[in-house]
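The following pair of complexes shares a single chain, chain A, combined with chain B in the former and chain C in the latter.
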Partner chain A sequence: MKKIYGILGVFTVVFILTAIMSPSFLTPYNMERLILRTSLFGIISIGVAFVIITSGIDLSIGSIICLIGCGLPWLLVKMTVPLPLAILIVVTLSLLIGLVHGVLITKLKLQPFVVTLCGLLMYRGITRGFTGDQTQGFGKFFSELRWIGVGKVAVPGVPIDTFGIPVPFFLLLMVAILASIFLNRTIYGRYLLALGCNEQAARYSGINTDRMIILAYIICAAMAGLGGVLFILDGNSAQPVVLGNFYELYAIAAAVLGGCSLRGGQGTIIGVVIGTALMQVLRNMITLVDWIPTHIEYAVIGAVILAGVVADEVVKRISASRRAAASRL
Partner chain B sequence: MRKLIILSAALAVVLGGITACGPREQGKSGKPRFAFVTNMPASFWVIAKKGVEKAGNDFGVETSYHMPTGNAAGQKSVLENLLARGVDGIAVSVSDPANQTDILDKIAKKTILVTVDADAPDSERLVYIGVDNYTAGRQCGKLVREALPGGGKVMIFVGSVDQDNGRRRRQGVIDELVGRDSDPSRFDPIDKGVTGNGYEILGTLTDQGDPARAKANAEDTLSRHPDIGCMVGLFAYNPPAIMEALSQANKLNKVKIVAFDEDNDTLQGIIDGTVSGTIVQNPYEYGYKSIEVLVALNKEDTSLIPENKFIDIPARTIVKENVVAFWDDLKIKTGETEAGE
Partner chain C sequence: MSDSDQQQGLRTPKKSAEPPDLLRVCGVTKSFPGVKALKGVDLHLKAGELLAVIGENGAGKSTLMKILAGVQDYDEGEVLVDGLTVRFKGVEDAFDKGIALIHQELNLADNLDVAANIFLGREPRKAGLLDKARMRRESSIFLDRVGLKVSPDQIVSDLTIGHQQMIEIAKALSVDARVLIMDEPTSSLSQHETEQLFKVIKDLASKNVAIVYISHRLSEVRELADRVTVLRDGDNAGELFRQEATHDNMVRLMVGRDISKYYALEPRSHGAVALKVDKVRTIQNPKHALSFEIKSGEIVGVAGLVGAGRTEMLQTLFGVMPALDGSMEVQGHSVVIRSPIQAIQNGLALVPEDRKQQGLVLEMAVRENMSLASLGRDQNKGFLNHRREQDISREMVAEMKIKTPSDLQEVQYLSGGNQQKVVLGKWLAMKPRVLFLDEPTRGIDVGAKQDIYKLMEKLAEEGVAILFVSSEMEEIIGMSDRAIVMHEGKLTGTLMRDELTEESVMQLATGTQTKPISNN
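Right, the complex of A and B next:
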């Protein structure tokens, strides 16, 4: 729990400050929208957290979102592929992309930065190719499918029009719980953290590190694919040239805010989710609070991320020195 | 050192070879060759491409079509490649008019240069083909007035106001609503509200081309201003993003939407009555006219060039009454349905 004190503190401060500065912030509608956005970005951030824990990086997330997010409506609407087949295609494709990344990084010993940078360029390029740069969307169709992105679940006693929990939130919850269990309660999660700290040591102690790293990239690409599906189900309209642009950076920032070290070996899922929520609250705050000029948005986000990382580091050092002091006694 | 000399010599030979090929190299078929360069990739430009191709066939010339990414820098390298390869004329939608005058003048010296859609008035281009975005913005403002005859709160959504088109459109909407004289050079700060004529323009929210952000902006506006009367989306993806935000908040038909450009969702919204109307440019005509003018100029025929060096392709207002006819025509032009069907 100690690991997330820093980020939790920053999040609480920003949340309370925003609530004080804007009367619209705590309205049910605004909270509902924030939960939705946090869910979408949270899923991709959890994905990249796995890769970061292995001390890798995945820069191709935004482009995978583009490929899958534009590919799904393209398959369903343009190519009139049956729904189960279309889903099978996008799932297989996401997993395959992760597998290829992982194999290139472990077996061919290519650097993750390079492999996924090429992915960043390729997947968007491919998408722009097969869609002919045309806007993709479901139009008025597939409303049952779109429920996964836009649907809401009523809270007892509250009319659904006032507030409902967005369906993607349950997906985030599921992903977060599974990821937490995997990372903290299974031997494989321990392997991941261990190899992130010191890959060589992990390998010498008998861990099949290659397999674990490949798995991390598969998880990351799968989450990016799921994110792509959710973004298009929610937004309904996607331009291949812009969908998901820079989302990998938001995901990486959220993961780092949440306590993942880019040096590997560290990270908690709950921290990543809070990190994501913090980013979304910040963007929301900048629009809602009248006196903050909207065009300095990125400056504010950057400053708060930095503050978050600093706070995290300070908390860690204090607790480390306390521990050291305690052990000297 | 020796290696360096050999390398420089090799480089000189290569460069010499390229320049020797020279500009105005004719196409393989011996036909004149013209290039159409957009400012970024967008569905809008895919329609222009059809016009370019049609004109190429009609006038019996070779055409090529380029959609650079990466703003001004990306466009510059495409233009330089074209110069290196040699073309008889270039039509370009200028990314950054203020800072690209240099490269444009260089091109104008070597080949025929016209601007289309986004002008660079200080460059030596021969003519500008396009719409006056400020006037189009005022047309859009009229639609807002019709949608909200009693006045009310209005929020403007646009990708960016750095680009000339976004800036001028937005100013046109504001000036029309509050009843100011026409002055395209005016610029209201984006965060400052403007009030007049019973309308309160709350501000302008930009999204840097991210549709998810555009939707979030619309949602945040609903949070902050539950009594909003009309949302105006000025880039093609803005109106669909607004529609999505309103539909998820069950506020379609309660908040008016006024649009720009011809996204399929926008047109469907006009048919359904959720969008009051849209202002459309004529990208097909941009493509066609550009090639037509280039062909004429290549034959040293300047009869198509007006005194003020501006060929106006006016924007049109699309509302419920004419949307079906417009959409059918658009589908034929983009090849979604075959002509004569």
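Right, the complex of A and C next:
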């Protein structure tokens, strides 16, 4: 738990600063959007956290979002595939992508960076191919389905038109709780953490490390697929060229900010969620605060992440040397 | 400081009219945390002389050679080149004095070509750019000197190991090496390549290059050396001239001391055969099939020199690297073991050689390490059984007297001995029928060693069959009911408890003798 105090502190400071600097930050509509964006990005960040914990990386998340996000309306509207079948297809496809990544990485010993970089290129290219690079969307249809993306749940005493909790927030809550239980309470979570620190020792201890790593890539792709569905349900329409661009980097950055080490073996789900929230507040701040030019967004985000990991490393070293000193006594 | 050094240099013996030794080492000591690797070693070498340095594992050969080549500094004593005291601050200093070390593992940039490797770090330049023509021209001269007929443009990774070794020698000659130190140069060479190398070595010696030749292979030493210096426990054990350097004399000096210090080991009764290994071949030594048995309650030591294939054997039996063929039986049932998972399911356990890389997850707590192998067994429908995990871990910490503030401490902050106990505890929690231990006491202090010996005995009493690899002769002799000895991937013999002496083990370990494998 101690590990998340730092990121929680930074989040609080940035949140308060933004509220002071921009009067429109704390408006109900802005909060709604902020919660919604945090929920969508939170889900994909939790997915990539599993891969990062195995000391891997997944660069294909943005393109999976594009593939699934554009593929779903394409199947439903263009191809008039029945809804249950369309859902079955996107779910299977997401899981299959993760499985293929995992198998290539463990059995063929390819580097995660390379495998998922190829995925990044391929899935977007494929999507632009089968959609003819045309904007995909639901139009006026599927309004019940779209409730999952745009629906709101009323807070007692507040008119729903003013403020409601976006439905995806509850999905994030569910995903986060399940992921947390999986990581901390099951033997498989322990296996992931152990092999992330030292794969050889895990293998010597009788852990099927290949299977666990494959599982991590499946979880990651599944979360990216879910993210893709939610992004398109929220946006209603999207262009294959644009949807999901750079989202893998937002997800990785959020996971790292939330305490996942790219060396593997470390990370908490709650940390990743707070990391995501911090990223979204930062983006929001850049948009809302007048004197910050919008086009320097990446520079600000990059600088904050760098500062975050530097601070984390410094704190870790201090506590490590203290503990080493303590155990020598 | 440098003043006094020079004075010492001037004071060095010049009694006779003879020129001073090319290289002389006087009373050099070197300590590492916990061990004194060199306790005052002497060595001398003339130009054109072929000196062999031999000794058991851990006798201090490698440390001494690293000091001579400037890779490592020393504590006390003196190193003289041409009668003048020197103190190398790095490999470059040693190069300047004409001393070059060829490591056992070759240090070539194998993605580059031959010429680039020979001149690595000293590339001739023309107008700031590499002078490739000159590199090519000059490297052919050195390649000729070692009798190697390859083009300077050839990429090193395309060459055989033997040829790569020649490149290393050519590289050493290119820095005008007057002393060439070779550490186990033939360990990965074929018979033909070895002969080739010997020709080059003899040729160099005849051209006044002094050679220091380190090897475990006594027959090679006999063939090559003008003189043999024997090290034992970081000290000089003796010196043999060419005509005295027989196998027996060399082994006697290498082992030397009396083994009076017996371990508290009483004869034990053994049960039925716990593990039967039948014609198992490892990937690393496919030429030799390994067959032996261990009974429950028996402690069997595996002796041999570094590189004899002992670790590879244990890893193969444990399924880390699948065996090429052969079969195994555990308590009379034939088993297939192609992964550690299958090994564990069949009641095997391995305490690996490299505790930090293979035994422990350093960043995790004692408790989490202790339970890593048994989590699957103790799971509650996939969920962690926290209660049981805690109970087992506390029990093991108490039973093995692991010194840690709590079992939630990360193992990286524990001492080597306590870390090793955590690895052992992990496996004891699995109640194995056969326990493999690879160098179980390497790098740990005496107290922890005793604890581990006692634990091994206790386990044997409880009926566990133990197979342990050790490079410490005392440990093999002190702990084994029976020892099997390996030499270059081959089982060269079995020694029963009453036959176990340093000489008998050494004879088998150096391949001087073989003795049929007996399992009784």
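FYI, the second predicted complex is superposed on the first by the 314 of 329 C-alpha atoms of A that agree within 3 Å, B and C clash if a C-alpha of one lies under 4 Å from a C-alpha of the other, contacts with A are read in each partner's own complex, and residues count from 1 in each chain.
Everything below uses one rule, namely that contacts are C-beta pairs under 8 Å (C-beta built on N, C-alpha and C of every residue); 3 or more make two chains touch, one makes a residue touch a chain.
Just so you know, these numbers come straight off a predicted model, no measurement behind them.
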Chain C versus chain B on the shared chain A, clash or fit after superposition: fit
Vertex chain A angle, Cα centres of chain C and chain B, expressed to the nearest 10 degrees: 120
Comparison of chain B and chain C by chain A residues contacted: B
First (chain B), second (chain C), both or neither touched by A:143: neither
Touching partner for A:295 - first (chain B), second (chain C), both, neither: first
Chain B versus chain C as contact partner of A:321, first or second or both or neither: neither
Which of chain B and chain C A:135 touches, first, second, both or neither: first
Contacts of A:202 with chain B and chain C, given as first, second, both or neither: second
Touched partner set for A:111, first chain B, second chain C, both or neither: neither
Partner chain in contact with A:283 - chain B first, chain C second, else both or neither: first
Where chain B and chain C come nearest after superposition, their Cα distance in Å: 7
Residue ranges of chain A in contact with chain C within the complex: 185-188, 190-191, 193-194, 197-198, 200-208, 265-266, 323-324, 326-327
Residues of chain A defined as touching chain B within the complex: 22, 24-25, 27, 29-30, 33, 37, 40, 128, 132-135, 137, 139-140, 150, 161, 231, 234-243, 245-246, 283-284, 287-288, 290, 293-295
Residues of chain C that touch chain A when the two form their complex: 318, 320, 339-341, 343-345, 350, 352, 357-364, 368, 372-373, 375-376, 379, 382-384, 404-405, 409-410, 413-414, 426
In the complex, chain B residues that touch chain A: 40-43, 45-46, 67, 69, 190-191, 203, 205-206, 209-212, 215-217, 219-226, 236-237, 240-241, 244, 248-250, 263-265, 268
